[in-house]
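Labels run A, B and C following the written order; every chain starts at residue 1.
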Amino acid sequence: MTVALAIPCFIDAFFPEVGIATLELLERLGVDVVYPQGQTCCGQPMANNGCQSAAAGVEAHFVDLFGDFDAVVMPSGSCVHHLREHLDAVPQTDRVRHLRAHTYELVEYLHDVLKVSDFPWAEFPHKVGLHNSCGTLRSLRTASMSELGETPFSKPMDLLRGVRGIAFVTPARPDECCGFGGTFSVAEDAVSGRMGLDKVRDHEQAGAEYIVSADTSCLMHQQGCAKRAGVPLRFIHIAQILNGARA
Amino acid sequence: MSASAGDKSKPVDHAGAAAAFVADTPHLAFHDRRLWELRQKRDGQMHVLPEWQALRSLASAIKEHTLSRLADYLEQFEAQVTARGVTVHWARDAEEHNAIVLRIMRDHKAKTIAKSKSMLTEECEMVPYLARHGITTTETDLGERIQQLDGEAPSHIVVPSVHKLREDVARVFARTIGGDPNNADPHALAEHARVTTRPLMLDADIGMTGANFLVAETGAVVVCTNEGNADLSANLPKVHIVSAGIEKLVPRQADLGVFVRLLSRSALGSPITQYTSHFRGPRVGAEMHIILVDNGRSQRLGEDDFWTSLKCIRCGACMNTCPVYRRSGGLSYGAVYSGPIGAIINPSYDPVRYSTLPFASTLNGSCTNVCPVKINIHDQLYKWRRVIAERGLLPKNKSLSLRIAGHVLASPRLYRLATGAARLAVRYLPRALLYSKLNSWGRDREVPAAPQESFAAWAARNRPAKKP
Amino acid sequence: MGRAQPSGEKAVSARDDILARIRARRPEGDFPLPTLPQFPGVMGDLLEVFTTNLAVMGGQCVHLPAGEPLGPFLRARLGRGRLIRSSTDELPEFSRTDDVASPGGLKDVHTGIVRARFGVAETGSVFLSDRELRVNTIAYLAQHLVVLLDPAAIIPGIADAYLRDDFTSANYVSLMTGPSATADIEGVLIRGAQGVRSLTVVFA
């Protein structure tokens, strides 16, 4: 079984280390990974603004590149949410339906498909606060949601508990949105920026040194807010920790 | 600041109004903290009721059933209350509603109304309409009274003046009903409101209330308040007028056992409102009128993607949990209904004016999870975005940049050029240029550092393509 | 309704128009009315649960001491020189609620006394209709309200209450839970917003 690695545009352009960690981690775990060249974007920015016509070409390109793989893995809950729930600017062929059903967010893939619980090569001697993006939380359901009062569970925590030396802190509002929201971050920059600031301060007050997440887009936003306000936090993608990054 | 202010033909500038709200740190901090507290109290109630999710499912199913047979239930309700001496009026729209109220007023040579909270009368802009005809309306809910005296619309459907601090209230009172502008003790302020409002209620010619629920089976109008002001407004004057949207129906009295248990727990995190009152007919020697108002509801009932928003019981839980609402304030929505529910209701009234509201959201989905009648609010926000884009109602610059982005992102070559240029810009542009006013990202946050190469370039060197 | 009657043809009334529009735009699909299940509900001693839950809502409970007659007990508790009106025939020593010309005539009452038909443990609510109140405004215009409640008349939950036909026995029914309250100014809880400042349930 060959797994295609899909790397979101902002990770490709600005956070290649997240892509590298994802690829190396999957290889360490014995997965046959290919990275199809020529990737761009999943179409979410256009589709989330209602622009199906603008999304159609981007989605078609994504389907062309990835439609024939057994599985597609992405280190981004937000993009997987789009692909699974909203990839409908293109005709719903069997190929598109197959792709939508076989695209996994990295944590899901590790937790549910590979069923990994141990990362003996990984050690992260820091206090971390976990940020679940709204896509992973309320769409992919990789963790329990506070609004529903369900029995607590967390797939990313299950994975991180397999890392030596790591300590967790819990912010006061663990599943409050950080305010990124794609183009919301620029269209409503004041509210978005304030939400991001509140989010990083919440983690800081809980004693976090790092915020870890399965979504680099949220982290990019939070990192920008923290840096502007002088909040001394560091940000890291879960793939980097699981792949053995020490800092 | 008023919701009705501004050019009504232009889209509401939510982002601009929200930016002004965010800039006022003391108000922002209180607003966020207070509404989050309500959300947490709501969670507390959920945790002590094992049947919480079952109640939500029941409430949703009952409402969907009712809406699917709404005409039958309205007829049943009408027959019930008519038999008990209530006069039922029907209004297609706000204009008809207001005209009916005015006619009842004139029939009784009435000049004053004591009124409890009703979002429907806000929707109909009834109070200013009646004022133009020489009729004085007194809002009797404290929050509504504060807003009325300040000439502002309610900013929240349950706690109308939640965006104000105590000092603001003291200033409003000092300006309008007297009092010491420097005494901002909430107890003193509330007492002042009590003693100045009560005579107006005692003297009112007509009492008006809204309705939380209408029971088809028994003809009961259910009104829930904590202050008891609706009961005073209804029980003091000789005439009681109820304004109710046609979607307020529930089939059976027993259904109240679901909705009353959910309403205040969702809204304020209290097990029940202090007063849950049921009006089925006039008092001896008095009159009761019920105005059943459509005002766009039957239109929405026929919209496949949006009709379930009519399930809404106006608890405000979606507003309390909404991280955007908490940081932008209800008035920034420029509409009668604010927050997530407002953003999906308002566009069906006026798609141009409210075209910006479905975008005042991160689509985080918390609203859907707290909704006691399980309205898929964030899905409807997403669907409204499509409708707005399809109708060509996106701002011109936004739709142009999305079209360009769609073009660039559909082509690996253009994508490489664009992302390469972005990395170069971040690396080499002087800070003043990088953080120019064109870069709204940079107004509130730093841009990420630019790496030497993209992941794709790294992968091309380190993982050359395998030949199949 | 402010609309000119078109000459020569029958105008459709707003009522018929609205009902026709609703029927024409009825959502497609089958939406059965669910049967309401019986949830486990309130556990434990109903009187205790009622007392605890009413306290949460700002009300208080008092037990009539065994053997003590109600009238003198209330008289002693409520003090003299205050206008007290009662809506229940069992307390002839107090002025009657319905001895006023209009509902506003109760505006100077210090304390109103009423007997609730039943109480609800889940919320600490009491059931009062126009029959028990006699003049509805007694429960709102009085500064304080005393509610007599037979401890045997406490039922478990709100859902149980709505299965009773008491709600159709009157034109006005209120489930009252504690005194009038508001938190509209900075979330500060204030008892006695527009209605009564205190609500005391006397188990008798």
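FYI, a contact is a pair of C-beta atoms (placed from the backbone, for glycine too) under 8 Å apart; a residue touches a chain by one contact, two chains touch by 3 or more.
It should be emphasised that the depicted structure is a prediction, and the values quoted were computed from it without experimental measurement.
Asker: Which of line, ring, star, complete and other names the graph you get from chains that touch?
Answerer: It is a line, because the chains touch in a row without closing up.
Asker: If you take the mean of the Cα atoms for each chain, which one ends up farthest from chain C?
Answerer: A
Asker: Using CA atom averages as chain centres, what separation in Å is found between chain A and chain C?
Answerer: 52
Asker: Per the centroid of Cα atoms for each chain, what is the distance between chain A and chain B, given in Å?
Answerer: Their C-alpha centroids are separated by 32 Å.
Asker: When the centre of a chain is set as the mean of its C-alpha atoms, what distance in Å lies between chain B and chain C?
Answerer: 28
Asker: Quick one: which residues in chain B touch 2 or more of the other chains?
Answerer: Residues: none.
Asker: Which chain C residues touch at least two other chains?
Answerer: In chain C, no residue touches at least two other chains, as defined above.
Asker: For the complex, give me every residue of chain C touching chain B.
Answerer: Its residues touching chain B are 1-3, 13-15, 17-19, 21-27, 29, 31-34, 36-37, 39-40, 53, 56-58, 103-104, 107, 122-123, 125, 130, 136-137, 139-141, 157-163, 167-168, 170-188, 190, 192-196.
Asker: In the complex formed with chain C, which residues of chain B make contact?
Answerer: These residues of chain B touch chain C: 30, 34, 37, 50-51, 54, 58, 61-62, 64-65, 67-71, 74-75, 84, 89-92, 95-96, 99-100, 140-143, 146, 159-162, 164-166, 169, 186-187, 189-190, 194, 197-198, 201-202, 218, 220, 226-229, 231-232, 235-236, 246, 251, 253-258, 260-261, 268, 270-283, 292, 294, 298-299, 301-302, 304, 307.
Asker: Which residues, counting only chain A, touch chain B once they are in their complex?
Answerer: Touch list, chain A to chain B: 7, 9, 11-20, 23, 34-35, 37-41, 43, 45-46, 48-58, 60-61, 86, 134, 137-139, 145-149, 173, 175-177, 179-198, 220-221, 223-225, 227-228.
Asker: Would you tell me which residues of chain B are touching chain A in their complex?
Answerer: Answer in residue numbers: 14-15, 18-19, 22-23, 28, 32, 36, 43, 46-47, 52-53, 321, 323-324, 327-328, 359-366, 368-370, 378, 382, 384-390, 394, 398-399, 402-403, 405-412, 415, 419, 422-423, 440-441, 443-451, 453-460, 463, 465-466.
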